[in-house]
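One chain, chain A, links the two complexes that follow: it is found with chain B in the first and with chain C in the second.
On to the complex of A and B.
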């Protein structure tokens, strides 16, 4: 793993996640089970012994906050440089900005919003084993979440927007086609020359690009240099490399000569096997071709390899890139994917910090979390929800399927369902919230009822 | 295995199974194609000998071996010959469980017609095996049949099971091995349902376009170009009625299979059954004839090999080492050599110092001294005099080669052709006693129903004139010495000119080895030409898969392509009406309304109209390029006003030029050598402006070399134009 540099693209204050994100809380610091989402990626990398990281954050302010948090939390564990880039430069732009820092042979690029237990080392190993120019992590697109959440409609939407149409060779290691499922309107268009080269191409619609890529550094730098219009790794750089794999335009020094005999790919060796079947019929042709091929290296076809690492179905893989995903991931991390949270669960299958105080007849169900210093009044009920630090919660409060961040005040008789309550929010008495997102510091006046609404301070 | 057992116990209760239906087969003894011409003008393809036994015997023997009880042999072309053969053969005589019944039809021109005839006879009562009489196989059908039946029970819409086989690792080999077209299939890996089928793939299309909806029902599908269609189908009786309902279905694959796959209204499904170790292939052209003959000799088709009696063949064939088969009565000179993988039929004599390798020699042939026969197929009663050299040729019954004849690779000599001394027959020539039918007929792919159906009596003058290198010498073998021209044959027979596909296709289907440069071209083109070029990518806007898609819609979006093809046809039809006397002004109106309804641009109109005009010019008979040019000139002047109507701006004019280039490259190659001359003409007649021509040339500046053929051809003219315009500027 020595010669791998890691770039974590931590984003900025994504508009899509308003009102959850704010100047104070950039996307990378959004809590998942009460710790910043970025910590999941950092610890995942650490577990593969990848400790030399560049974290790219959009916006100076956000970068300062993220940097501050990292240096506090990982001071002795990781060697992290935080780089700030302007907003809206895209993932490709972000990489361009840090390209001059890259010196290793290969670069692993990970999205900072990834919550997963797929070892990055496995992706890196696949990449190295094939000498690929790019290796991408594919994981199974969620088919349906836990059915008891009642948000199956939302789940469907997630699935529709996320899955990719992926083409693989019979060994399922080479990535031969990739398109975003939602962006393919009617027809899937597969390049015939690629099919010809492999003979059989598997097209699947049940995988998604998990935004973890290993790139050959020189190739990545070349592409970023030459294609200055490329904006996104996922949408531009990766599809470009995939579709030009049999006709490489990458400069030769960045090119790993493909010598692959097992997969029937186009390579000099393959020409030989193919020609040999003609020996009986056309001996002259066979010899001539053999003689011809080394003579004209300029005309020789240059190819490069794009690979895929498919995470097994049991692995968890999700990206926090929408409000729906925020809720889903928070629920999963204390639920079905609880091993990711790093906490140990009680026999009731929940986590209640010893310093938390619960009133009488208050119940906290399984798959819940109640962090330090929070207090709850009497006759409250918490189901499948996460409650942050130092919250003050009155009596007769019901919290279901929700995330409550830190320092939130909830007065008596409130009902919170399917919602996200950011830090320092104040819910006055008898507030009813269903499927709402309440931005930091907002005050909801007593007795009000909201459904499916984002609320934030002006 | 457990499944099978389960099924068996199930089926014993099944009433359908109890009322046992005999397994039936439909054997098409007519390929409805012309690939074996000129031989098939005289004898039906199914009776052509394949390693000294008629092809149909292989197919019938296989059908019998897989448990078919009733085989209907559908004969059309030369039906009498097929019937006579069957009547004399053991198939009709033998008592037992396998009956062969000929069905005769005279007006069927396609497999579709054949199946409609069979439907009307009402003889098929259950699932049946559909094969053509040129199929060689030793596969067992048991598994495929069982799969088919089980599927049918669960889903009555599963009407057909197609047998496929993995072909050689590279698609290139696949094509070159059997000379077939590339086949692309999409198959559901779990159910084996066929989701997409494309043969005769359009090489200019760089993308395979699959409907996204295919992935709605299954998360995974496999795209293959490494499978070979064995053309063995297990069909349910519905298939016949489907053909009757869709009277426009002609071709089994191109119409029927594709039709079913596209039609999601009826929801009929086709499944595939892949065979692995057994053999199945179809003789579609001379190359597959060659390949399959070799497979038989090398025993891939066991037990259907020459030394095993599986039908009325001569079982006294003896197999020596190195795959040499010899009939008992071969008169072989001591100095003659028979090398590996050869077969010599009964009663054949081979003279001193002759060498035979990789070849099949029929019965009662006489081979002289110092003859070299390599990779060739010699049928019965052939006389080959001394010092002849044959390589990769096919020689039919009764042919006489006089001393010193050389047959270059790919030569086909049809029945009873005689070749005079020391004549060299050039590669890929086809020689027959019958003149080549005129071109118009061969358009409709059919074999001549009977030898007496007109071809012989009326060899039209034009067809003789058209044939290249013709020298129909009277049957006096001595008279020819004097007029032995370099091209002529002093003997008997016509050399056919290459058929419509031209030489381009000839090498693909021939027995001859593929020329080295073709192979090279072939393997390069498969990878390079079709890649995404630099330009496309550079023109790619800022981001996204969407852009990738829309970028490519530019040249060949499937849907778009189809529409424009339709549009073109419509315009052509409209144009035909002008020819028929409709007022041109009305036609302009019509074309305009077509343009609107197809959502085409003026440029498309101009292109299509130009295409129609050029096609009409081509339809007039011509014998030389000069004549064609004259015709074209006439047509263009005649329709100039009509065309001008569509040429409102320079863009349309450029479109016309691009269209013209495309035509010269693809549809109407006849114009290719005349490009520059016609361009000149278009300019003179004021149809195209100088600006348009020059900007077309400019546009092409950066194009690939292959794209610039016509710019180069027109260079003198362009130069002249440029100079003229400079003069004006001064």
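On to the complex of A and C.
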């Protein structure tokens, strides 16, 4: 289908997200609006008619769980193959493990924690149109959540990892420079030859690498083969390809050979060269580059293009790669990006499952979600929060800006604010939680107060 | 149908004299001169008359509605329609094409317009519109092929089905993939869509016939036609000479050149292609409404009904611009900038499209590839790829199925950007090659033969042709010349560079125009190579022309009346040069020649993005037109092409040598066989 293969990198049990993730709940299955986060990617792909997927999961157990969930949820909708890779091999390592399954011309690599409505086809089409080696999806970084959440140190980290320093050509189609936000404090080194080639380089810091890449398969495999120290796509492979786009070491030669062999009689390559000398290459001054440098056509071919597709601001795009992001995405999916959730909202702009029971004088505000089988006592108040299935919540409980997963028991008089409460947690009476993350199965004793603390079972 | 015809006549090129009308061109009188021949070929109430008549008289009377459907004097009909040749003198060249034959390629490629009584009887003009593409699919044989798409791809998809979907991964750590979820039955949205699409197409075609003729009527017509066949034949032969003699191209000198040549050709060939076609047409009429046999060769975008219909079929979501210039309403004008994102987001939803074709379409749409040769080469290479990956579905014939596939690709490309004439010719060539494949060839042999045909076409018709043109043109450059060129033509560039390499001493005046400023890239390359250049915009053409000694121009196409169809502004440059008595040399490969006749740049043109002319890059202070789209009193016109009358052209340099514009029909005629067969 369009000669694209899709690999979803679903990750494993990310340490960053402790205590939310656990052996039982790998990252891919973290609930976002009571649906595993992976389902957002899968449904995005499905809506683009991409039904043959390879999902790579770190760790055998996690793979089993993810595979089990997929086979249950998508049994007759998708053709998903799950591959397990050892933990800590990184994204590049994960791809290496499945590289030999890749046969299509181009590979679309999507991170499993992406929550977005950017059509993958747009990235793929940009990739194709430019004949690029790699095309990455850049989107405007979402506004970070309420500033009163998260420790300041954590937030800094979050911010840095979200932003990227991106260099673009004037037409904003070619990716000329990319660096992770963490490196911003240092100087930015821009290669002179790239700068000379395009004449003008636009450096932007408001874009985020959304971890949706289209790679030329041969190039990707070559890079993974040759550079066995590369660990991460974002930090190693992509910057490498961007860096070397004017002195391509990767398979430009190989490609050339292949094409020559393919049409031995009259080489089509000549026409392509002919065309590129004359008319193709309209975007940006690459044309001038080719015209300027008195290179032979072979040398000219030793360049490769790295492109970027910039999603429009109206599209939602976020990655669940931190606890902050987890809260933000949960909030957005029932809030501003509610079309992503797939639920239909009531006139009060919230979702209350018919089987949920509310006590008297209990209010559930807008942008809230109350899943099936949950019970709430009297005089409770829920604002901008998500409550999972079969929770039992007592009276006089206040839940604000929080995510409560399944089978949670909250006794009377609790106050939960800006927190994430995982499954099977038990909050005894009059517990006060502010900006806390409670790991699965934890029991918070009555009357205790916590602020900005992760709590998990030992 | 009749509505269509009426509109067709409204935009008929021959009734307008807009643009450059050379002095002394008195066409209308000559046209009326040929009326009698026409009248005798078709009796007045026949539906064809208004058409053929319309090309003859400047006053248009829309034909009465439904006149074609109900019982007509069938003799006049059959006499007129299967032998359309005598109807218009401009059409004589097309006799060679087997009209209405059941040749598979022809029926898909252009049988419908063949019978069209309009003067532009070419198959190429039909490529650049959207309506007939549906006709290709819906037409007798090919409809079947179209409906085979779903089944074939469905198979591909269901191939993947394996056993039950069991969860769980990692028995073996790295290599193995565990199937977690399996598509059991792929009812495929896309498949349904395609099915629906085809239905729509078929409906669109078959509907009108139902309402118009009952079975009895049709039978009556059929029988009458059979009876009239002999008479028709005689009439055809009788009329032909008179048409060719009476209908010389009016009042322009090239008309005379056409005349004898056409006679020569008509003579022997009249009976051969025409007679069988009559038979076929006669047989076919009961099945198909005559309407379908006479579709308009070019989609008229001021016809709301048809535009709606075409839109339903369209792959590219085209939202039309609201404020359109009245005179150009018949041309597609879309809101630019909406198509590309839409098409991109649908990237994975278009199953039947080959990736390389899709890529080329995107590149057309985004303007990455522009220029006649580059577009043509890109298209052919994409088709080559598609053919390489093609495999005939079971119970299909390669010849037919592949033709249908190519047709669907072409209609997709048209949606991305209207085809150029050169591309139309190339498609015609390819389809012809497919149709002519010997049946004894195996699939792989057929495919490789087609691939090498494409390679040869590119090589001989474009690459080598350019070299030949360069060789010819260089002889016209002398030391001390000041050469003027306009825009950015790849051939002209090669000529200039080659002349420079030969050590000729000359200077180049490069004239450019907004909004594309294509000349700047050319200027860049020329200056980089050390040529002495002057760069100016077209506003200054009258001043800069004084010192110029030769004008070299590229062309998108050269039409058989010598009209040069080229980048907008070319006509202006040529006219000024002509006024200064400076020779104008048009450099154009012969594969871009076309038998169509066009007198102005209105009836067939392409509209560009109107926004780009209202905005000046880098001048934010000149944004007076910022919200132009909301103002109903303002219409912006960004034409892409214009037509240069042959009077302003001194010489056309082509791969067959340097010829005067009056000799274009000779090339078209003499080498068409070669074009198609190589």
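Miscellaneous remarks
We take it that the second predicted complex is superposed on the first by the 389 of 458 C-alpha atoms of A that agree within 3 Å, B and C clash if a C-alpha of one lies under 4 Å from a C-alpha of the other, contacts with A are read in each partner's own complex, and residues count from 1 in each chain.
Following the convention adopted for this analysis, a residue touches a chain if its C-beta (ideal position, glycine included) is under 8 Å from a C-beta of that chain, and two chains touch if they have at least 3 such contacts.
The structure displayed is predicted, hence computed values, not measured ones.
Of the two partner chains placed by the overlay, only chain B lies in contact with A:179; chain C stays clear of it.
By the touch criterion defined above, A:451 reaches neither chain B nor chain C. Once chain A of one complex is fitted onto chain A of the other, the partner contacts of A:339 are absent, as it touches neither chain B nor chain C. Of the two partner chains, chain B is the only one touched by A:231; chain C is not.
Comparing the two complexes, residues 266, 270-271, 274-275, 278, 280-282, 288, 292 of chain A contact chain B in one case and chain C in the other. Of all the residues in chain B, the ones that touch chain A in their complex are 168-173, 176-177, 182, 184, 186, 189, 201, 205-212, 214-215, 219-226, 294, 513-516, 519-520, 523-524, 526-528, 530-532, 534, 537, 540-546, 548-549, 552, 557-559. Residue ranges on chain A touching chain C, taken from their complex, read 1-4, 48-52, 54-55, 57, 60, 63-64, 66-86, 97-98, 100-101, 105, 119-122, 124-126, 128-131, 263, 265-266, 268, 270-272, 274-275, 278-283, 287-288, 291-292, 312. Those residues of chain A whose C-beta lies close enough to touch chain B in the complex are 90, 165, 167, 179-180, 183-193, 195-197, 199-206, 227, 229-232, 235-236, 239-240, 243-244, 246-247, 249, 264, 266, 270-271, 273-275, 277-278, 280-282, 284-285, 288-289, 292, 301.
Put simply, chain C touches chain A in their complex at residues 160, 165-170, 173-186, 189-190, 341, 343-351, 353, 355, 358-359, 362-363, 366-371, 373-374, 377-378, 381, 384, 451-452, 455-456, 458-459, 463, 490, 493, 521, 524-525, 528.
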